[in-house]
Amino acid sequence: MFKKKILITMLLMLFLSLTVSGALAQETVKIGTLMPLTGGLASYGQFTRNGTLLAQKIINEQGGLLGGRELELVNVDTQTNPQAGVDGAQKLVSVNGINAIVGALSSGVTIPVAESVTVPGEVVLISPASTSPVLTNLDDDGFVFRTVPSDSLQGVVAGNLAADLNHDSLAVIYVNNDYGQGLNDAVVEQFEERGGEVTASIAFEPNKVSYRSELMEAAEDNPDALLLIAYTDDGGITIIRQALENGFFDEFIFTDGLKAPEITEGVEQYLEGMRGTAPTSMPGGEGPELFTELYEEEFGEIPPKPYIDTSFDATFVLALAIEKAGSTEGPAIRDAINEVLAEDGMVVNINEWNKAKDLIEAGEKIRYEGASGPVLFNDVGDSMGAIGIWKIEDGDIVNESVEVQ
Amino acid sequence: MVLQLFLNGVILGSIIALGAIGLSLIYGILKFGHFAHGDLMTLGAYFAFLFKVQLGLPFWLAFVLAALLTAGTAILLNLILYRHLKKRDSVIVMISSVGAALIIRNLVLLFWGPQNQFYEKAIQMPIVLAGGLLRIKENQIIILVLALTLVIAVHLFLSKTKMGKAMRAMSDNIDLAQITGINTEKVIIWTWAMSGVLTAAAGILLAFDTHLTPVMGWNLLLPLFAAVILGGIGSPYGAMFGGLVIGISQEMSTLIISAAYKPAVAFTIMILMLIIRPSGLMGKKV
Amino acid sequence: MTFAGVFSYLVFFLIFAGIYAVMTMALNMQRGFAGLFNIGIAGFWAVGSYTSAIMTKGPSPDHLGGFGMPFIIGLLAAGLISALVALLVGIPTIRLREDYLGIATIGIAEIIRLVIKNEAWLSNGVRGISAIPKPMAGSFGSNYNLFFLLIVVLIIALFYYLSEKGINSPWGRILRAIREDEEVVKAVGKNVVRYRMEAFILGAFMMGVGGALYAHFTSFISPEAFRPMQATFLVWIMLIIGGSANNFGSIVGAFLTWGIWTGTEFLTGMLPAAYTTQAAAIRVILIGVFLELILLNRPQGLFGEKKYSSASTTADG
């Protein structure tokens, strides 16, 4: 029994030292990031994290913030899982003493983190990817922001696209999560408003081997086209292939999760000319081009995945707000975000951190031409955004046009 | 539509049947539910992916190599885990097999990543039969033929060879089998080997029809067990029949219920069977 | 980093580990004392979480209810509904071989997950239920988590006391005797199935309460939270590490395992960016190998089976 006690004490001490050693107090300004490096959204998290790292690099190369202090990013892996995400956020706040966080990606993690950690702890949270409409109405004291538009916006554009392509009837198949469902609701509403008929709207479980029954159900009333809301990795590609193989559909409309060249591999001839939607940068400004250039200099070719630019912007905006507030306290940062950003402010590009600091010192407002376009928040902390329409040409994805909110 | 669903069901059913035969024999001979069976299936499919796509070998060779490797893995699992735990209560062996399932699935994730993979990038257009009522791909015909061939091979093995007869005897009554001088250790190894081959075949055929994903086998675990229980634990012929019934009813169920609840069908059949006749259609009393 | 920060994380850590300790004690009731093989803990956890959320939230158009009941009623309802599910699963399976129960619990956990995902009128589907009220919210300011920890500790203490009491009672002795040798107990005319069923239901009740605690603590639940790895398998590892049939071992096993599980998170951060996606897989493989090693080399766990008296009804500490 005695030996066991020693063993347990040692294990406990080991555990404590592990959690504690991560944070030796230094005079840096810390921002936390909650990125999924493992789990369902791991293939996004890796790159969105690069986005935040790039912002950190630019800021530190141009003299840091709050009078020359370095920006330090502390990342915690959410494992795309709410338990782990909440635990990680609490670590950031309590152990690392962080008052501003970029993350998380999936709404299923962001919402519990906000409700149980960051809002009660007065910590500013900016999600670069959570598109759930729930976030809009969250009782958050203004501490929660996001740099992506709510998914209802894309749904409207996708619904319009289907109507503009002269489809009279449409079947929708969507991934069964909050992203898929939100988008589906908006698409159906908009398409019906335009006089079209939605013959079927079917949710699918990710990672099944066969979607033939879902497709059969969707094709039952011979709709003109299939609108597919899915990610490439969780079944989207399989649905496209099985729809073609079994002759269920030959007209498709896609959404942002499928805006990746992989979807055409082996089936180029069938998908030629199909269109899709995706959140994109607001027109005007050179943020997106500049971002691609800077990203590729640092990390190599930028993958066609979403939310890398919005992660960069979330980090940059937090730095702007901290500089403006002159403090790292949560409420001060929250208030500073909307004080510093203005549509008619002085233009700051993503590599002009020094200029931004000078403007803030001079008391000017800033129009931030972010990596994802100009970043502005409405009064509930949602980003204004734009949705682009893309098209498959010769097996490649090309952007066609942009619809503004 | 009904015809098409039936055909899809037969294809899925023959894949389940192949996996269930091995599961049933292990269950009968070693007296525990092998929860890593689904993941062995996944592993077999990915081994074939390794040989066919990554190393560019012909399909038949990849098939054979993958089946042998999976059989080897099954024997290895028995050697390092189950054999040592057998003396303890069967819950320990089962939880150990759940652990093995997790390890295998995550090894697949580690080496091949989470994204879906395909044996062939190009797609196949189906053959249209019965005036458009029935569509079948060439691959699906191959699957049916291969599955049938394997089932006949299993039948011949079980009924004509000494080893096969010993397996059936052990699954029937292990004590009696021991008295009659059967080398039980050897039979157990052969059982694992045969299950490994059949499971790999099931995985490969499933992936051949659709695609590879690291959870493909885990998702089929419940249908596999349902097939085994339906057919009667320890009865390889029962498992074949059970597999077909589960496959067909799962596909046909979409006529009545939403496709989202398809996974619940196998479970419901299994529970009904447990209430009505726990020993299964072709099994002995439990 | 400040002392206050470390302290507040420690409180947070203890709450999470404490909720797992409730789950582990519940599994111990089923597996440790009655030998039952439940690998669908995620299902009972989800039922408890959703029941309490629906009971305690104010009326909402998004899901069934809410009924605006007090926290304590939410906890009780969570336990009762979870116990009811156990009863329904148990009726066809518990009199059969133990592995049937295992398969059935996997199945029921899967079906519960499907229902929660697809029946939006009941559970708001994949969007989950948010703003689940915390008991006495707003009363303790920044010390609120300390208060919640107190609730968790009280529940652990209560369950500990009751299961020790139960297991040392004549009821518990028969239960343990069944696990040792079923035939003997049958021979003296005891209804073996009934005792097993009671243990299964009691365990499920505790799991439901644990699930309710989780829901109130995080204030948000969605189907994502009830995955087999985090909700079922981790609890099994906790039980096996702590030692089956030992309540104290179960609690320590839960705290240790959760410590190791969250503690190894830093490993992910240390890997180069290109390998981070593999970190989760490596972690699960390590945990799996760890489990197999314990099963092979120290199947009794850290503490081993507790020697419960078979003669007296008093707890022997």
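Letters A, B and C mark the chains as written, and numbering starts fresh at 1 in each.
Heads up, the rule we're going with is that contacts are C-beta pairs under 8 Å (C-beta built on N, C-alpha and C of every residue); 3 or more make two chains touch, one makes a residue touch a chain.
Here is each chain with its UniProt name: B = Neutral amino acid ABC transporter membrane protein; C = Amino acid/amide ABC transporter membrane protein 2 (HAAT family).
From a predicted model like this one, the values you see are computed outputs, not experimental measurements.
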item: Starting at chain A, fewest touch steps before arriving at chain C; value: 1
item: Chains linked by the largest number of contacting C-beta pairs; value: A-C
item: Centre-of-Cα separation between chain C and chain B, whole angstrom; value: 31
item: Interchain centroid distance [CA atoms averaged], chain A/chain B, Å; value: 40
item: Overlap residues in chain C, where contacts from two or more other chains coincide; value: 117-118, 277, 280-281
item: In chain B, residues with contacts to at least two other chains; value: 114, 260, 263
item: Junction residues of chain A - those touching two or more other chains; value: 42-43, 176, 203, 205
item: Sites on chain C touched by chain A in the complex; value: 1-2, 5-6, 8-9, 12-13, 16, 117-118, 125-128, 130-131, 144, 217-222, 224-225, 227, 230, 252, 256, 259-260, 262-263, 265-266, 268-269, 273, 276-277, 279-281, 283, 302-303
item: Of all residues in chain A, those that touch chain B in their complex; value: 40, 42-43, 176, 202-205, 207-210, 212-214, 216-217, 232-233, 235, 237-238, 241-242, 244-247, 265-267, 270
item: Touch list for chain B against partner chain C, complex; value: 32-33, 35, 81, 84-85, 88-92, 94-96, 98-100, 102-103, 106-107, 109-110, 113-114, 221-222, 225, 229, 258, 260-261, 263-264, 266-267, 270-271, 274-275, 278, 286
item: Of all residues in chain C, those that touch chain B in their complex; value: 31, 35, 37, 39, 92-93, 96-100, 102-104, 106-108, 110-111, 114, 117-118, 229, 233, 236, 240, 277-278, 280-282, 284-285, 287-289, 291-292, 295-296, 299
item: Chain C-facing residues of chain A, complex; value: 4, 7-8, 11-12, 14-15, 18-20, 22-25, 37-39, 42-43, 45-46, 49-50, 75-77, 79-84, 86-88, 90-91, 93-97, 106, 108-109, 111-112, 115-116, 120, 132, 134, 138-139, 176-178, 180-182, 203, 205
